[in-house]
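Each of the next two complexes has chain A plus one other chain: chain B in the first, chain C in the second.
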Partner chain A sequence: MERTAASKPRGWRDLGARVSMVVPAVLIYAALLVVPVIYAFYYSFTEYNGFPHRVPEFVGLDNYRSIFESDDMTGTMVVTAVVAVVGAVAVNLAALGLALLLQRTNRFNTFGRVVMFYPHVLSALVVGFLWQAILGPQGVVNTMLEKVGTDSLPFLSDPDWALWSMILVIVWSLFGVQLILYLAGLQAVPADLLEAARIDGANRWQTFRAVTWPSLASTVTVAVITSGISLLKTYDVVVSLTGGGPAGSTKTLAYSILAVSFPQRDIGVASAQAVLLIVAAAVLAITVLVLRRRAEDDAESIG
Partner chain B sequence: MTMTSARRGSKARGAALAAVVPLFLVAACSSGSGSAGGEDGEIRMMVNLTDNLNQAYWEKLVKPFEDETGLKVKIEGPTGKSVAESFPQQLAAGTAPDVIQSIFPDDDTAPELIDLSGEAWAKSTPMFDEYAMGEAHYAVGVGTQTQSLVYYNKTAFEKAGISEPPTTWDELTKDLGDLKKAGYTPMQTAGDFQTGLQLQQIYHPTLNQLHPEWQTAVSDEKLSVGDAYEPAFHLYADWIKAGYINKSDVGLSPSQADGNFTAGKVGLYTNGSWFAATLNKAGDLPFEVGVFSPPAADGKEYPGPQGATMANPYMIRKGIGDEDGAKQLVEYLVTDAKAVEAQLGSDGVFRKGSQREQSEVDAQIQGVLDAAPALVAVGEGQGNVRLPVTGFNPKFTEVAQSLYTGAGPADAAKSIDQWVDENR
Partner chain C sequence: MKKTLTSAATVRVAFISLVSLGMLVPMYLLVVNAFKSQQEILANPFSPGFGSATFQYLADAWNNPDFSILKGYGVTIALVLCVNALAMAVCAPAAYVLARTPKLLSRLLLFFFIAGMFIPTQVILVPVIFVLRTIGLMGTMPGLILFMTATTIPFTLFVFFGYIRVLPRSLDEAAAIDGAGRYYTLWRIILPLMRPIIATVFILNSLSVWNDFASPQMILGPGSGVYTVTTGVYAAVGQYSTDYTKVFPTLLLAVIPILVIFIVMQRHIMSGLAAGAVKG
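Right, the complex of A and B next:
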């Protein structure tokens, strides 16, 4: 009895300590992430210029309607989707391929990892300006092409070329983080399984497909979701590499929010675009998780 | 036992502290009074920072004012891409500066600004009345920036057998052909913001001869932007097709385009009077630079009206701590002889009656300005002559760029009209 009575206050104290450890993080998270998102939802149903003297005016779904009825904005959403899907696939293929090449620890591979991670250290704005100087009409590549008597290539002056050039640059600047994730994931692949596969006579591709790839499932999930979300938010590279051009062909949703809607003081439309971006990120994350869960279930049912 | 409970007590206090400190931090971060002036005796001024107008330039400009009044002026660059983008964001965030340079008032920002109509010193400043909104005056400036200028390479003209700058569109098109035959890039254009700007600049005189105060006509729904600009889209599309304008220019940065002109590879280059500052800084060029006003509309008098903007506009935010100090600062910037002279020389700014020594290019621009029958509003417009939309220039650039990427003039006209309708 005495022990129970004594343990109660201690239990309360422990609970109090636990709560007090968690509450600050929850409050900061709520203040910096949840509250702004709630505000974005609220503003997305209003017409508002963001100025203190104006009161947001409720307009229902008008902002969403105007987004989906505008060719300009639907075009922007298509560009964002292409950048996110193609970019995520390319980033992860490049990162996984390089991780497989660089997974053994030796001096060359250590140097290689540093070199491959280096682009991620650069600011995205700097990356854009750097590649502008390389791919621009008077950039390094076109100057060299002209010197050898070949026609220059419209990397940044043709709408299709500009979009693919931008995706290439974004992939180059992003894949360093995914590379680290895959390198870490590869370290966790059980050595005994790899050994067993080798003893069973599996070749490299069979070992990768039957042992490495399933062991990397959670890493792939994280890498695809994080890269996809980063790509959905593409802004800085657009500003410094293409400025959204030519003719608006590389405008992403994030660029449209920050460089078009906000300067036009269309806070309602900007917020509606931001809400759509949040929804797109959530759909992406849930889709990847569901696909992974389904793959795991299939594997278990076969097993 | 005692030690354990003491440790536990200490843990609990630590945990409580950990809980409370972030709360204070969050509270501190979120507490905004809406008035974000500088410290006591300090006036915050947001300015446009460029290669010509850098931080050191601005600090040097306000130094005599600081010495005389004892007030401190804090020069701030935009927190975003530009002052136009940053000022509304800062207003919304409650961190806007006291004095704002380089942008003009509009319907959204006007209620946040001080009306300077009652200030005697403001009335004699350049373009004061042109920028009136109703009866109110929110912006005062230092001079005039001329927008519709065509810079040309006199050596290229000689080699191409062109004796005089063109005054009609037919003459200009013929000259472009001759320049191409002579081995020059006939007309230099650029990507980024400059594509749309240059198209507007070269067409201002004609547009304002055909549709005086066209922005007001669009506001009153008597004219569409597409109808107003379609002839200009045709000209550009034809020139691009003929190779007088390089398609790849759309991916070129404005500074690279400047460089091509100063290197002597180019015949014609449309730009504003601020390009004179770049030319003056470039020193000795391998050719002589000429300047002329763009062609007039067919059958109309040459030269046509000149697109012009108030140069170095200053506005003061309402509700700031030291309103008098901010007014004194702005008065100093737009009326003090030395401050005005410094600004006139910095970025291709012109002012009637100025005694500043001019370069040869400056003198030619002054000649174009003096010969212009009228100074007209450009782009989105100014004061009471304005389009019913904001964000016109970036969208116009997008549409102008579509001419380089295969769109026809009619498509371009339709596209800009559609955007105006969506955003009216």
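Right, the complex of A and C next:
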């Protein structure tokens, strides 16, 4: 009410100012993020080799069909799903567990937090190259194993091992961020409730179950969604750690789009894969939000 | 009772020490092996090798003809500064208007922006290439800056929105009564109050821009001859990943600036991240 009264004298000029303040952000965002998403949907129904003088040819669902019929590409999707699900679970369990251990602020714990967080400031590409030098066939670990006289281990050279090695590396580099989120969340757990639980004689697990966990609800939602989405688009570490191999065992969808379909000028297939990833990210976000909604409501009734 | 407590504390300290060790060993290996020859790395990767340490391999990596690391720093710093400046220049006014206009349209716009946070940005790079080609910016720094700005807009705008919304509205109204326009109010009244959140956003956006590999790789491409730190590392190390006298020194040079900044500003970076997450 007061607003209209206050802004009336300024009228059109104010409206103009407001519009001009929003437009640049909308323009950049729409042109380089929204339009490409629309293009991805459009190209995903066409056959197109990306040459400027060629017009994309409409082929309906052919690209999707060929993705789901090709073992190579369904394998890619399985790898992506395993990385996202196993990675997100491992990252969040490690982060929450260590956050509980590092809760109290003292020098030792602060040191621990910094040391666990620092890989986040390194790029995933560098992390991948570094671990390739550690786990590779001639890497540090295998050199040491040979020195001790044991057989070397095929961390990155055996298809059955490589995916798990890669997930290990991803968890190593990623859990520190979520650790910080959980530490921030733990700060917000109401101290009087913890105190009340202690007085009631609850043990640690009961306190965690009944007080800490419900109060952390919104933190868990944020941490799971952010880690899940960043794992879905795993690309850099694949490039530097394994190159998608051996035998495609670590080829994620993002890697397949940027390093296989695009260089092969399969714009239609690359776009269809991108659409699948966008849909997967949306499904993940919505599922987590819906699943957590109840828990968050509980948390609100507690807080 | 007391005894079990102390032993639990011992286990806790031991466990955290062990995890910390696991976090630090790769960095230790990176540092010590940057000064060793290939035979020495293969023979004794863990030895500090003070006796035979040499700066030769670091110097070689620094003078690599394929990739000048100094130029890489320069390009990446320019990229970080431009993306931050542009993202904030467009997001601060937009967030201000959206936060002060509680109408349906502005709520829809906000939602439209937030949806962008869930788009896995690297997978839309292929259509982005076509968009940039259409506007003639493919393979150029301005094109890369525009795209990376677009990817940081959802987060920046959302965090700014959350911050401005809780600033008292009476501030603007007082300014409006004094005859100040929207721009003047934003510049003289709102922005000075936003310093802490601007610092947080700057840190988080800088980290993601500095470390991005897919966007500069696809948009600049090897043809442009312009390398950021990440694409340069890829060019320098990619094919030679078993020549450790190349790998370790190049990686060390690539991470030194960001690690030094992290060690100096560690508290701000980590609390900024927590604050950003709570807001988001």
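Quick note on the criterion: the second predicted complex is superposed on the first by the 264 of 303 C-alpha atoms of A that agree within 3 Å, B and C clash if a C-alpha of one lies under 4 Å from a C-alpha of the other, contacts with A are read in each partner's own complex, and residues count from 1 in each chain.
Keep this in mind: a residue touches a chain if its C-beta (ideal position, glycine included) is under 8 Å from a C-beta of that chain, and two chains touch if they have at least 3 such contacts.
Note that this is a predicted model, so its numbers are computed, not measured.
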Check your understanding: Should the superposition on chain A be reported as showing a clash between chain B and chain C, or a fit?
Key -> clash
Check your understanding: Is A:21 in contact with chain B, with chain C, with both, or with neither (first, second, both, neither)?
Key -> both
Check your understanding: Touching A:158 in the superposition: chain B (first), chain C (second), both, neither?
Key -> first
**Study point:** Partner chain in contact with A:132 - chain B first, chain C second, else both or neither
**Key:** both
Exercise for review: Go through the superposed model and pick first if A:239 touches only chain B, second if only chain C, both, or neither.
Suggested key: both
Review point. If you stack the two complexes on chain A, which partner ends up touching A:222: first (chain B), second (chain C), both, or neither?
Key: second
Practice item. Would you sort A:197 into first (chain B), second (chain C), both or neither based on which partner it touches? Key: neither
Practice item. Considering only touches as defined above, state whether A:39 meets chain B (first), chain C (second), both or neither. Key: second
Check your understanding: Is A:79 contacted by the first partner chain B, the second partner chain C, both or neither?
Key -> neither
Check your understanding: Where does A:111 make contact in the superposed view: on chain B (first), on chain C (second), on both, or on neither?
Key -> second
Study note, to complete from the structure: The answer to whether chain B or chain C touches more of chain A is C
Exercise for review: Among 77-85, 203-211 or 365-373, indicate the stretch of chain B whose C-alpha atoms run into chain C.
Suggested key: 77-85
**Study point:** Those residues of chain A which chain B touches in one complex and chain C touches in the other
**Key:** 13, 17, 21, 24, 28, 31-32, 50, 52, 132, 136, 138, 239, 258, 262, 267
Check your understanding: Which of the residues in chain A end up touching chain B in this complex?
Key -> 13, 16-17, 20-21, 23-24, 27-28, 31-32, 49-53, 66, 69-72, 132, 136-138, 152, 154-159, 162, 239, 242-249, 258-260, 262-265, 267
Check your understanding: In their complex, what parts of chain C are in touch with chain A?
Key -> 12-13, 15-16, 19-20, 22-24, 26-27, 29-30, 33, 42-43, 45-46, 86, 89-91, 93-94, 96-98, 101, 109, 113, 116, 118-128, 130-133, 135, 146-147, 149-151, 153-154, 157, 173, 176-177, 181-183, 186, 207, 210-214, 217-218, 229-230, 233-234, 237-238, 241-242, 244, 247-248, 251, 254-255, 258-259, 261-262, 266, 269-270, 273-275, 277-278, 280
Practice item. Could you pull out which chain B residues touch chain A in their complex? Key: 8, 11-12, 15-16, 18-19, 21-23, 25-26, 29-30, 34, 80-81, 84-85, 88-89, 91-92, 94, 108-109, 111-112, 191-193, 195, 246-253, 256, 390-391, 394, 397-399, 401-402, 404-405, 407, 418-419, 422-423
Exercise for review: Under the touch definition given earlier, write down the residues of chain A that touch chain C in their complex.
Suggested key: 2, 6-7, 10, 13-14, 17-18, 21-22, 24-26, 28-29, 31-37, 39-40, 43, 50, 52, 98, 101-102, 108-109, 111-126, 129-134, 136, 138, 140, 143-144, 172, 176-177, 180-181, 183-184, 219, 222, 226, 229, 232-233, 235-236, 239-240, 253-254, 257-258, 262, 267, 270-271, 273-274, 277-278, 281-282, 285
